[in-house]
Amino acid sequence: MINAFTFVLLGFLIICAISTCFCKNFLTSVIIFMSYSIIMSILWMVLESPDLAITEAAVGAGVTSLLFFVTLKKIHSMNDKNNEDNKAPMDEKEKDRSADM
Amino acid sequence: MDLCTNFPMFSIILCLMCGVVCSVLKKNMARYVTYGLLTVLVVLSAAVLGYTVSIDGSFIYQMGHFGAPFGNELRAGVLEGVFTVFFSVIMYLSVIAGEKHIYEDVEESKINLYYTLICLMMSSLLALTYTNDVFTAYVFVEINTITAAGLVAVMGNGRAYFSSAKYMIMSLLGSGLLLIGITLLYDVTGHLLLSNIKYAVVTSTIKEYAEPFTIIIALITIGLSIKSALFPFHSWLPDAHTASTISSSAILSSLVLKAYIVLLIKIYYRAIGWETVLETGVNDIVFVFGIMAMIFGSVFAIAQKDVKRMTAYSSVAQIGYIFMGIGIGNAAGVVAAVFHIFAHGATKSMIFTSLGGIKEVSRHSTKLDAIKGAGYRNKVASVAFAVGAFSMVGIPFFPGFVSKINFADAAIDAGGPKMIVILVALAVSTVLNCIYFFRALICLYTPVSDPGGRLTEEVDNTKPTAKYIGAMAFFIVANLFLGTFSDMIIKLITRGLSMFS
Amino acid sequence: MQAVIDYISSNLFEGVAIILFGIGFTTLFLHPNLIKKIMGLNIMDSSVYLFLAAKGFVFGRKAPIVTDGVAEMESYINPIPTGLVLTGIVVSVSVTAVMLALTIRLYWRYHTLEMDEIMQIIRKEGK
Amino acid sequence: MSRVRTDYEKTLWRKIVRFVNGEKDLFDEQSGFNVETEELEDRRHRNFFEEAELNKKKVQIAELIEERSEETEQRAVKLYERFYRLFAVITCVAIIAILLVTVANLPDYGDPDNPANNEVSKKYIEDGIKDTGAVNIVAGMILDYRAFDTLGESHVLFIAAVCVMILLKIDPDSEKGKRFISLENDRAYEPKNDPILVWATGILVPIIIVFGIYVILNGHLSPGGGFSGGAIIGAGLILYLNAFGFKKTERFFTQKTFSVVSVSALLFYSISKTYAFFTGANGIHNIISKGTAGDIISAGLILPLNICVGAVVACTMYSFYGMFRKGGL
């Protein structure tokens, strides 16, 4: 009933999940997370839920990962390590406000 | 079918629509829309309460063209009526009392968004109270979580962002457990409506899944108690309540935490069945953690130097009271817990808003040594704080006293070792409450010399507005009302709880 | 051994979903880094959805789209879990967006993503 | 005792480990990305922001952390943290173990006699077309039978957009906002008018958006619907934005567009659902006809609602991205 294909996909799913959590580099782990989402959407195809497969492919693998990428860009960790002083100056408004806290 | 039965649906959808509209209005317009909405909500909820009292029963409102097991449903009874009236009144008063602070603390262009969040928060509170469907409850729990995080973060400083993130993380852990609990519940019963789940539980369907069922109850309980900051999971609460603006603190502590407890009681009574819960023994675990929260919350509160933070820790202790009441395991305990939801909600929101007034005249600080003598500088706020302190400590004629009496009654009903534990815990907790609230109160009324005249100048600059005074007066009246006419409210609660099952 | 094989053959999807739930839950709870926490949140949510979808599946039945005019329960899987998951996916993407926005703000303010370090800085600044 | 290998760093395993950690390319020994030019540009455009002050603040923060670590209470805190961590790990493992055991006692996977396959799903499948007019039973279910959930869900998206606005929106007229925009000028990160990107986008974006519209319009006939279609359109808009920059997208998508589209869509949604709930609960006949099942224009309110949801989702996704990128649309 459950064929080898499903086994492989589920195995991949667990490997992806674990390596997403343990990977040191954010960019790599976002990309692994993307593949996790795509495998998930294939699994939903296997489970006869095409609605979910489309939505997960568009939302999970598409938009969520894009948001992760743009966040990484904003926090300057796309190319970390070698540019320590590439960080944004402290937000001015914050400084004013935190002064009277 | 009476027109009144449509009011629950109208009030929820009106909240959603007003919230959406507020996001495009100017700040003052958004404020008027919010006040109008809250007025309408008070009226509608009161109408629902009056209707349910007059027919002496509850009604089910079918959302759409399809009946019982197929579509969504709302359900309103006496208890729901009381809850929604209470929620809308407290929300109204908190927003009005904190209006000045909202305009000061929130960035100019984002004030209308703050009111948007208030409207949507109100919709989730109403929906959590009225809903008769576990998955709808999950969706609105998420709405509640996101809006609450927004209300904390709106302050716009680092501490607020940090507290908001911490709140989100803990809360999402709770949502995850709640979601998997709901999933398992759907799996073993095949229904999502509370009444149908109960039917499946009562009939034989559930018998072969008795073991998973205990786990389901435990998961839902843990999930919701993380979200309402029961003792070991309380770490987010003091941060979130201290960092936000006054209205947000009041709303968070008196409404948001309570909505989850209302949902939990609803699920216990209407979906799982109170007897089943007692059989599994989940209530004993809740009881133990409730007692621990009562003691440890107060101990932590004593250690605080900041009155606002102290009040936040006092919330941890009071949440402990409520869970302890649920955990006692008899009907009287739950009645006392529900009454304490009202008592604590009314009192804690008053204390937080009064702290807003005290803060203005104490060099923008709520540290214990800063608020010395504030009782003479801002009289209204200090009187309100004193009333709140009396209520939390348990002086007669204030709501806190009534709920303590009720808890003791319920304990004596229960008997056995639980009775002794509860009575000892109540006594210890009362003493601890006395220590920290009276210390704050004494500080408040200690006369101080004012060498540079700076404090007087501050007082002159910050005359409390008429709205603030009105709101505080209304708060005090509401508290005294809850304290003196408690019999009537307890009768309503008992009536409402008996309609649940 | 037989018990393990039985368990796997009858609960494969559910077991994997629970393991993923555990991974996500632990990451959200314990990983100090905010970005990793958010990924853990996503993994946790989608694992519950996998569980739900697996519970709706029935052997030998098709997706619930009536194409050939046959509307009998015996030919389609249970549509309810699919609908619930559809709702859930959108909820989790909204939560993710809010959390990421908070992360950016915290980074601008404190220059770090570790919750522990931020807490230490706040404590120090408060004194 | 085994021989110490000096060439450990060069082994394939080590390379793979480093690749997984993102430190290095698998076969290229030199370095992965060539980011130097980008970096230079970054620095140049950051120069005029009081680097000295920034450094001072950074040193302060470093000092704060250091001082903290020297305190005497440090040991107790560490012990407490370790204990807390251990306790938390045990809790997590216990939750997983308990749930894994629980799963074994649940209804079997894929069994047609499960409690979930009861009269509710039977009604949805067998009367779905008659009741809702939608061929895709899932669409009929989420937009008609259980519409209240979906109503809440589209508002969740809206609330998330509001929260992101509260957190990240920058007022471009104020003094601080101007400073901030020049500081976080993220056009500096982009490849400017990269021909490959521009050409590929020119071909792809129309296809993506047309596909998204197809998914939305066929929501009641085929898999998909408002949410997935909206997300696809949103992704297409984001791709367009990335290739051509904000200057071009601002011509058709501003803050105002976002407000108008999402507010009117959500209001229409709420009002039409109020009508449906009201007539349903009070037993009034619904005058909206269901049409012939299988046609594009059929299924009563489901098609307009799908369009509304799609509009809201597309706008929200795009606004998330815009807010994250530059704090505005």
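In order of appearance the chains are A, B, C and D, and numbering begins at 1 in each one.
We adopt the following convention: a contact is a pair of C-beta atoms (placed from the backbone, for glycine too) under 8 Å apart; a residue touches a chain by one contact, two chains touch by 3 or more.
Bear in mind that the values here come from a model prediction, so they are computed numbers and not experimental data.
Colleague: Quick one: which chain's Cα centre is the longest way from subunit A's?
Modeller: B
Colleague: If you tally the C-beta contacts, which comes out ahead, A-D or C-D?
Modeller: Of A-D and C-D, more C-beta pairs in contact link C-D.
Colleague: State, to the nearest whole Å, the distance from the C-alpha centre of subunit C to the C-alpha centre of subunit D.
Modeller: 13
Colleague: Taking each chain's centre as the mean of its CA atoms, how far is subunit B from subunit C in angstrom?
Modeller: Each chain's C-alpha centroid was found; their separation is 28 Å.
Colleague: Between subunit A and subunit B, what is the gap in Å from one C-alpha centre to the other?
Modeller: It comes to 35 Å between the two C-alpha centres.
Colleague: Check each residue of subunit B and list the ones that touch at least two other chains.
Modeller: 135, 139, 142, 146, 149-150, 153, 157-159, 161, 180, 186-187
Colleague: Counting only residues that touch at least two other chains, what does the list for subunit A look like?
Modeller: Where subunit A meets two or more other chains at a single residue, that happens at 1, 50-51, 55, 59, 63, 67, 71, 74, 87-88, 90-91, 93-94, 98, 101.
Colleague: Spell out, as numbers or ranges, the residues of subunit C touching 2 or more other chains.
Modeller: In subunit C, 12-13, 19, 21, 24-26, 29, 54-57, 59, 61, 63, 65, 80-82, 84, 86-87, 89-91, 93-95, 97-98, 100, 102-105, 109-111, 125 touch at least two other chains.
Colleague: Inside the complex, what are the residues of subunit A that reach subunit C?
Modeller: Against subunit C, subunit A makes touches at 1-2, 6-7, 10, 13-14, 17-18, 20-21, 26, 29-30, 33, 36-37, 40, 43-44, 47-52, 55-56, 59-60, 63-64, 67-68, 71-72, 74-75, 87-88, 90-91, 94, 98, 101.
Colleague: For subunit C, which residues are in contact with subunit A within the complex?
Modeller: Those in contact with subunit A are residues 9, 12-13, 16, 19-20, 23-24, 26-27, 31, 35-36, 38-40, 42-43, 46, 49-50, 53-54, 56-57, 59, 61-63, 65, 77, 81-82, 85-86, 89-90, 93, 96-97, 100, 103-104, 107-109, 111, 113, 125-126.
Colleague: Touching subunit D in the complex: which residues of subunit B?
Modeller: The touching residues are 1, 5-6, 9-10, 13, 16-17, 19-21, 23-24, 61-66, 69-72, 107-110, 113-114, 116-117, 120, 123, 127, 133, 135-136, 139-140, 142-143, 146-147, 149-150, 153-154, 161, 180, 184, 186-191, 200, 205, 209, 211-212, 215.
Colleague: Quick check on the complex: what are the subunit D residues that touch subunit A?
Modeller: Subunit D residues touching subunit A: 20-23, 33, 35, 39, 42-43, 46, 49-50, 53-54, 57-58, 110, 136, 138-139, 176, 179-180, 183-184, 186, 189, 215, 223-225, 227-228, 231-232, 234-235, 238, 317, 320-321, 324-325.
Colleague: Tell me, which parts of subunit D touch subunit B in their complex?
Modeller: It comes out as residues 98-99, 102, 105-107, 114-120, 123-124, 131, 144-149, 151-153, 155-156, 158-160, 162-163, 165-167, 169, 171, 259, 262-263, 266-267, 270-271, 273-274, 276-283, 286.
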